[in-house]
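Okay, so chain A shows up in both of these, paired with chain B first and chain C after.
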Partner chain A sequence: MNDTVGIVIVSHSKDIAKGTADMVRQMVGSEVRVAFCGGNPDGQLGTNVALIIDAINDAWSPKGVAVLVDLGGAETNSEMAVEMLPPDRRDLVVVCNAPIVEGAVMAATEAAGGSSLEQVRAVAEELSAG
Partner chain B sequence: MSLQPDTLKSLVRAAAEQVIANAAELTALDQAIGDGDHGANMKRGFEAVLGKLDAIGAQSLDEALKTIGKTLVMTVGGASGPLYGSFFMAAGDALGRSKKLPDDLAEVFGSGVGAVSARGRSQPGEKTMLDVLVPVLETLKAEAGRPDLIERVRSTASEAVARTVPMQATKGRASYLGARSIGHVDPGARSSCVLLHAVCNTLEARQ
Partner chain C sequence: MLETPKANGQDFTGSVRLIHAVGMHARPAVKLTKLAKKFKAHISIRAADAVEWINAKSVAKVMALRAARDSIIEIKASGEDAEAAVAALVDLVETDFPDSG
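Coming up: the complex of A and B.
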């Protein structure tokens, strides 16, 4: 199997993150690595830097990882998680400015075709360009 | 200022205890214009800091600040974790790079403020914690060395919190409310004030 960009889904709600990952897997299949996380360190609504780092490592691909987030704190915590990765991984992870469900599906579809991280990000972010 | 370990510990303890004591108020402020978790998030983060108090007290000040920052990043669970975490980690970094207290206090504090601004891609006037941190930084720069510096920092922080009331939020969850964010104290500004007051009160009591 050729390497494809990995996808990470970060929501305040673990249910939304898991549901989004389920949709990606059903629509795109298993050739793209998808990881998800949601909930704060107490398991309530929120996000958790440690879980985001784990998810990025789970979805890791030499071609990089695209992260899809929902609301503000998920974005800030994801950016923090990226900065806490080892230096050789940091530049291979992007946090996409895209709606979480549509962005994850579009990014995974693009990734499945073997596209680069920048191409995957661009396709996801087209959704926000309106 | 080479902080004695017991001074460092009492500063951290006071800051954490004040955040925890004010958690309900912070949550109430956040329920008005945010998602209502600021108090609970800050409480969880500073409880984790309290749990590491002995280890923090045994560290040099720059390492202690970095430990506090990293602990907040990993435990707060909302955007305030990376924001406050970045403040403490950047301040610790600045101290580690040969900055000295008290001479470089404004510079060290400024490094933290700069990190918050970069992390939140935010500027003063957007109804955030920066609306307290930046005025306090200005006071530290302008009033350095004055005998009443602590009192001036405390009053700057209180006045700055009050000035967030008429502001309209353009960053964070509160920005979704548009003009409806006007008329409320910003929760992040308030938590910054709580922390600064705790530090001021502790330092003053030890003078």
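Coming up: the complex of A and C.
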């Protein structure tokens, strides 16, 4: 089977997270699993570890999951979510150091070709390197 | 198509006019990269007259190409399916990046 790396988008804002996921689906296509979460359970701006874990499980692929985040807490909460995953999944999730929208589109484009998690991360992070 | 794919030593090359309304922006870049990745060949593209060839499988680099409408895109490929790769990419640009699954 042709598995592709899954993509998770974590923003403080649900609208940004959803909009970014929509861009990925429309620009790259539906062959890559994309999940998103944004805001805290009260509907305010923020990020939430439990929701991030749910999103990672939704986007799960045997090839792994690349997580794209926006600011501060999105990154630390995503790292905490990864720590709380079962050990067999923990090593197959990476939080990318990349801009959330551009990183998500480029990571998904790379993932669509069947690339490994490391390759997907490298492409997303190319944007930060230059 | 301005030129049919032709063998130049080990490389196959082609060139095609970019007719997309706003040039090589994000969506065409994603489509071109995804198609390029379906081939095993090493594939490079450049805007005509540019000095540097860029890897057609790198979406960041293809987006950064910033080729304008009506510019000529040159494509070259080497490897076992290079000829088919050049033909497919020329066709993609020539047909203005149609939507396909």
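In this text, the second predicted complex is superposed on the first by the 129 of 130 C-alpha atoms of A that agree within 3 Å, B and C clash if a C-alpha of one lies under 4 Å from a C-alpha of the other, contacts with A are read in each partner's own complex, and residues count from 1 in each chain.
Basically, a contact is a pair of C-beta atoms (placed from the backbone, for glycine too) under 8 Å apart; a residue touches a chain by one contact, two chains touch by 3 or more.
No experiment lies behind these values; they were computed from the predicted model shown.
When both complexes are overlaid on chain A, the residue A:T20 reaches neither chain B nor chain C.
In the superposition on chain A, A:T109 contacts chain C only, with no contact to chain B. In the superposition on chain A, contact is made by A:G72 with chain B only, not with chain C. When the two structures are aligned on the shared chain, A:M80 is found in touch with chain B, with no touch to chain C. Residue contacts after overlaying the shared chain place A:N40 against chain B, while chain C stays out of touching range. Touching more residues of chain A than its counterpart among chain B and chain C is B. Within the superposed three-chain model, A:A50 lies in touch with chain B and out of touch with chain C [touch as defined at top].
Chain C contributes residues 26-27, 30, 33-34, 37-38, 57-60, 101 to its touches with chain A in the complex. Considering their complex, residues 40-42, 44-50, 71-73, 75-77, 79-80, 84 of chain A touch chain B. Interface residues of chain A facing chain C in the complex, by the touch rule stated above, are 27-30, 105-106, 109-110, 112-115, 123, 126-127. Residues 35, 37, 40-41, 44, 73-79, 81-83, 85-86, 119-120, 172-173 of chain B are the ones touching chain A in the complex.
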